[in-house]
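The following pair of complexes shares a single chain, chain A, combined with chain B in the former and chain C in the latter.
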Partner chain A sequence: MRTTVFATALLIPLTAFAQDRGPILLDVTETHVLPRFAELSEATQALVNTAQSDCVPSSTALRKDYSTAFDAWISASHLRFGPSETDDRAFALAFWPDTKGFTPKTLSKLITSEDASVQDPDAFAEQSIAGRGFFALERLLYDPSFEEQGSAEYRCSLIQAIAADIDRNADAINVDWQSYAPKLTQPGEDSPYRDGDEAMQELYKALLTGLQFTADTRLGRPMGTFDKPRPNRAEARRSERSQRHVELSLIALRDLAARLSFDHPEIAADLDAAFSKSIDRVQSLEDPAFADVATPQGRFRLEALQQSINDIRQIAVTELGPTLGINAGFNSLDGD
Partner chain B sequence: MIKLFTATSALTLCIATAASAGDAPSKADVLNTYANIAEAKYDDSLIAAKSLQAAVAALIAEPSDANLNAARAAWVAARVPYQQTEVYRFGNAIVDDWEGKVNAWPLDEGLIDYVDAAYGGATDENEFAVLNVIANPSFELSGETVDAAEITPELLADTLHEADGIEANVATGYHAIEFLLWGQDMNGHGAGAGNRPWTDFAQGDDCTGGNCDRRAQYLSAATDLLVSDLEWMAAQWQEGGDARAALTENEDAGVSAILTGMGSLSYGEQAGERMRLGLMLNDPEEEHDCFSDNTHNSHYYDGLGIQNVYLGNYVRIDGTPVQGASLSDLVVAADPALDIEMKAKLSNTMQALGRLKSTAEAGFAYDQMLEAGNAGGEALIMGGVNGLVDQTKTIERIVAVLELDQIEFEGSDSLDNPDAVFH
Partner chain C sequence: MTSRRHFLAGLAAASLAPVPGWSAVGTPDFLSAALFPDGSYRLVGLNADGSILFSLPLPDRGHAAAAHPIHAQAVAFARRPGTFALVIECSTGTEIARLSTPEGHHFYGHGVYSRNGALLFTTENDYEAGEGMIGVWDAANGYVRLGSFSSGGIGPHDMVLMPDGASLAIANGGIETHPDTGRSKLNLPTMQPNLTYCDLNGQVLEQVQLPAALHKNSIRHLSLRQDGLVAFAMQWQGNKTQHPPLLGLHLRGSEPKLRSAPDDAQTTLQGYAGSVGFSSDGQTVAITCPRGNALHRFDATSGAFTGAFALQDVCGLSSGPTGLIYTTGNGDVGRLATNGAETRTTAPCQWDNHLVPVNAAV
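Let's look at the complex of A and B:
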């Protein structure tokens, strides 16, 4: 049934007439985008401050600020365009999935050689993205195999350097957004967006890519296959944040979807109902690191959750996109 | 030649197609050219793979430094047409479902043969990262004993490839063969490619690296498999073949497939996964042809494939041109300025990729460019990345101008193949 709906939808022509994108572009920018990056920048500042005075991996204060800052990133991480892409900032904030184990390898190398770049923020920013950001910090705070590596003093400096680098990137994104916002809200000659349609496409793409990443990667990777689930591939499993990331991303994407569909109440209602179902499903799980994916029941629950997210994608692709007259275009998940 | 062809086909097909603007070619003609170029490219890939097969046979019959180098040269030549086919991959499901057999990357090469101790052992992700089939005639895989006494194409394709459901277990295709011909590149960010001695294929007392007979068997089986896989794909694009039939089933979807292939390869795959990621990780092995140091060519010919599909003009490896009504012609009729923009961006990309290639050929290898803090290398690679990202933007504009409805997004099982999810 759904297959038929989807196949037919491919042939629905896009709405041809020009639509006034102004109000939605302004609303999304001012109430969805800017506050998220402001919050991230604030939360990472708190993380740096705490790490400066308390760099013990098991410290409650440090872990709490880490968690708050990571929450803020996940809630903004679908906005992968413009300032987040300059100088590889978003990649440096969160390098995952790490299919070849680059993060532990890079950290071990830094620790073993006592690399001096930890004392120099500019030099540290030149290090591999695998040794920076929230996922590198997670290893140092939660992975027992790093508790004994090298000297405690160097590990402390490394934790502080990673926290400072996270803050530096978060600040840079936030600052740049102040000048990028008008480019998005007033497309044209001084903007990378030729017209309102292209600016709108950027936001629509952020919604679709965010949903795709959560369904296919955040859930799909640990799900593996029925015969071979892969709990070790769950995102941020060491800090038991896997379930939380799915929830936070859905909450953020729901807000974006509501704003994008504002002029079309029926589609907005469909999307909202679908998000509501998905969010209920993720909130009813009691499986923070997706470890239960190894059991048939646990896997079934994730599969149901994934399906509910694919239902949202379906509505976005077959109803929202064509009604707005916007194509999905290409995203970074195209390819392998 | 081009004009003549366009005119004739327009005459024959104008009745069949709905009124098109100006002197736009019919979509059917554009799809026909696209399929003809695919047929020629896969046929060229097959011809070049057969040369490689002959060179490998000579190496195994008579191992020597000269024969190893000849096989390496044949491999490099075989990549020229193949990389130009990659633009077909993401738009055509039949190609995407198949390509993992011939061009899977990256790989945990310890599955195949001996590796340096620094390579490490089994990982979180892959417990067979150092299985070393060449040294082990029998081993356990997912709870079952595998008899690998004889290394056959079937063993590689059916048992070893993607063993344990892990994509990094690449047992077949160009990169497995590349590893057997070059070996690991132990030079890090320094100059030089993999340096496997020819004696790794010598029989008897001269054998180095152990199990030379099994190594030769593996190389031979993998090359045979590459030839048969390419034979299959070339046939799919011939008149009456499945790939051609799927493409032409719905003209709008067909034209959309051309653009999907161009955009997905440009952006997510080449600019992102293959170029920018390696740079951000500063890892010398995070390059597409890491054993042979041929990455600059892989990137260059990927880009060239995108360009020649848009222009509807491919030159075969024997110099024969294959051309006809093109996507470019279609865009000219709808929005001439947009066609100029697309052509300019494609040629900017080719200039940037050409710069990367010429610099690498002059001795500054791709893995050296990847080194942290190497500003010149970073600028060369980012030149290619920026060109590819920029051209993707124009591809999106073309999708909008041609009103091709929703372009499918690739790389997503759930949407490409709804049955996979909504069963």
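Let's look at the complex of A and C:
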């Protein structure tokens, strides 16, 4: 007995340096990741069903299911690794920003030529990602310039095809996550992550890039410069979802941040307070499509919101990052 | 564009002006930007043995530099998306010109002189159009901007002057960014990097694209062998479970050849190569991989992988008087020879991305 105790005592220091990431990895995977993709898959199924019976762009039922499914995607869209990246599924679900206007061009081409791929899901999946996903559907449901293009019948088929393609991608991500989950929770031999630190770093990166995308792109693009605000660049402005996307993404990222910092209550408290401020700011806006960015007051409010998100990033980088064994290389982080 | 009159005026000025050559500053082998312990960013002239000949302050973090072929002048570029570059007289440390991009452009951090030093070419982003541009500056006449032409793609990064002295090779990384959104990548699903060869007026001579499956492999950095063989280093923007080649070799008029280490080594690189360089004898080509903390070496002729060397945060790479010289973010300056990597000095600074050779002609 005495010998056993001694042997155990000798072994502990060897493993104590490597923190056990298992519980957090399991928690994030099972309560943060998997439910989001399951919900997305359900919501896109509802969207397909509705589109099949009612494809009128102004239909309340169709727009409602579109909105619910898009909400589910935005709430999962920071998880850009593994199954969402296979076959460009995430991009096929949401191609934005579309800096060169590929989406309207692609849709017009499909409509003008009455492209037959709308009748064949496999063929439609081969179409340009710019003509698929939530942003393509937004054009058909909310952009007046598409109301008169081509025949109503073809536009109906196109709406149904895009909805079905969204559902197909959402299902594929959800199904693949069932087999990807163990790779994330049990790093090593059969996993792209060699150890728990690498798996944690993947999730940390998802947190950071999610914050960056919301601050720099969701807010930064419409903000433009003071002299030249760009309200027409706001994300999903036609369906007036721009503000909502910032709110949903912050809520999702707050949940992820809380789970990642679980072992460090002080850091968790700092992050939570910072998220709280940001979320209060976005919820107090009354500017769904960020149209007010063109006014000095409206711009000031978005700037303050952007700054509050950058404050969260700062806490994540300076407090949370170092607890996760992030390699802060001068060159390796430069990315150029 | 450049008129013949301008060009000749430039030549005259270059030969008449009493401007110190590189020998006035000890003829450094390389230039590199670095971060010093006091927090200052500086442009450093250093030798292959790691000794520092001079270090001059920069206003912000640098990226690469361009060395004038004759005079002891260097252009230090701000890190992307910087809108200015400093031309520094290295013998005095004074700023002799400040290049500012025209409205709507920013620099990518690389540039190259024409052979006689009369012209400077810079890679730039015309960011509202999302198009890559090459800026042309009259180096012999106070660095007046002469004009610009298309880089032949999006996101031009590194650029080299071909051995004929009459054409450029440009690495169009393919990634669109906009200063409003920092360094966010705006077009990954549609990106299409290429290697473009053009004459000094921007006339495209040849373009090389990768196979469609590799359209997310951003061609970023270049190195040149004297026979015109171009080595290009890539950064993978696609699925992280894939580990495509990060080194390519191309000779005008032929198909590009992509080179990879065996799986167990390739999979550790995180799809990211930072610099590429040929050895002084041209027999060896290597890439530095700061995310994988490794330098990968290949035979330049056969393309065979000839070794991986573990080097923490290695990035700068260039041919030295013999072999290859590398620098790291930890301050190491070392030499890669046939028998392995040998650190020669650890400098009191963090070397930034690139080691730029000074090919002093006089």
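Here is the rule we use: the second predicted complex is superposed on the first by the 309 of 336 C-alpha atoms of A that agree within 3 Å, B and C clash if a C-alpha of one lies under 4 Å from a C-alpha of the other, contacts with A are read in each partner's own complex, and residues count from 1 in each chain.
Basically, contacts are C-beta pairs under 8 Å (C-beta built on N, C-alpha and C of every residue); 3 or more make two chains touch, one makes a residue touch a chain.
Since the structure is predicted, the reported quantities are computational estimates derived from the model, not experimental observations.
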item: Which of chain B and chain C A:G101 touches, first, second, both or neither; value: first
item: Which of chain B and chain C A:N331 touches, first, second, both or neither; value: both
item: First, second, both or neither for A:T217, with chain B first and chain C second; value: second
item: Partner chain in contact with A:V317 - chain B first, chain C second, else both or neither; value: first
item: Which superposed partner A:T86 touches (first chain B, second chain C, both, neither); value: second
item: Which of chain B and chain C A:G298 touches, first, second, both or neither; value: neither
item: Superposed model, chain A: greater residue contact from chain B or chain C; value: B
item: First, second, both or neither for A:D197, with chain B first and chain C second; value: first
item: Residues of chain A at both interfaces, chain B in one complex, chain C in the other; value: 88, 91, 95, 99-100, 102, 129-130, 192, 212, 216, 224-225, 329-332, 334-336
item: Chain A residues touching chain C - in the complex, by the definition given at the top; value: 81-82, 85-86, 88, 91, 95, 97, 99-100, 102, 129-130, 192, 212-213, 216-217, 220-221, 223-225, 230, 329-332, 334-336
item: Contact footprint of chain B on chain A as seen in their complex; value: 2-3, 6-7, 9-14, 16, 88, 91-92, 95, 99-102, 126-130, 192, 194, 197-198, 201, 208, 212, 215-216, 224-225, 227-228, 232-233, 306-307, 310, 313, 317, 321-322, 327-336
item: Residues of chain B that touch chain A when the two form their complex; value: 90, 106, 123-125, 164-165, 167-168, 250, 252-253, 263-270, 272-273, 276, 280-283, 372-373, 392-393, 395-397, 399-400, 403, 405-415, 418-419, 421-422
item: Complex contacts: residues of chain C adjacent to chain A; value: 35, 63, 79-80, 109, 130, 157, 176, 178, 180-184, 186-190, 220, 235, 238-241, 272, 274, 290-291, 293, 312-315, 328-329, 350-353
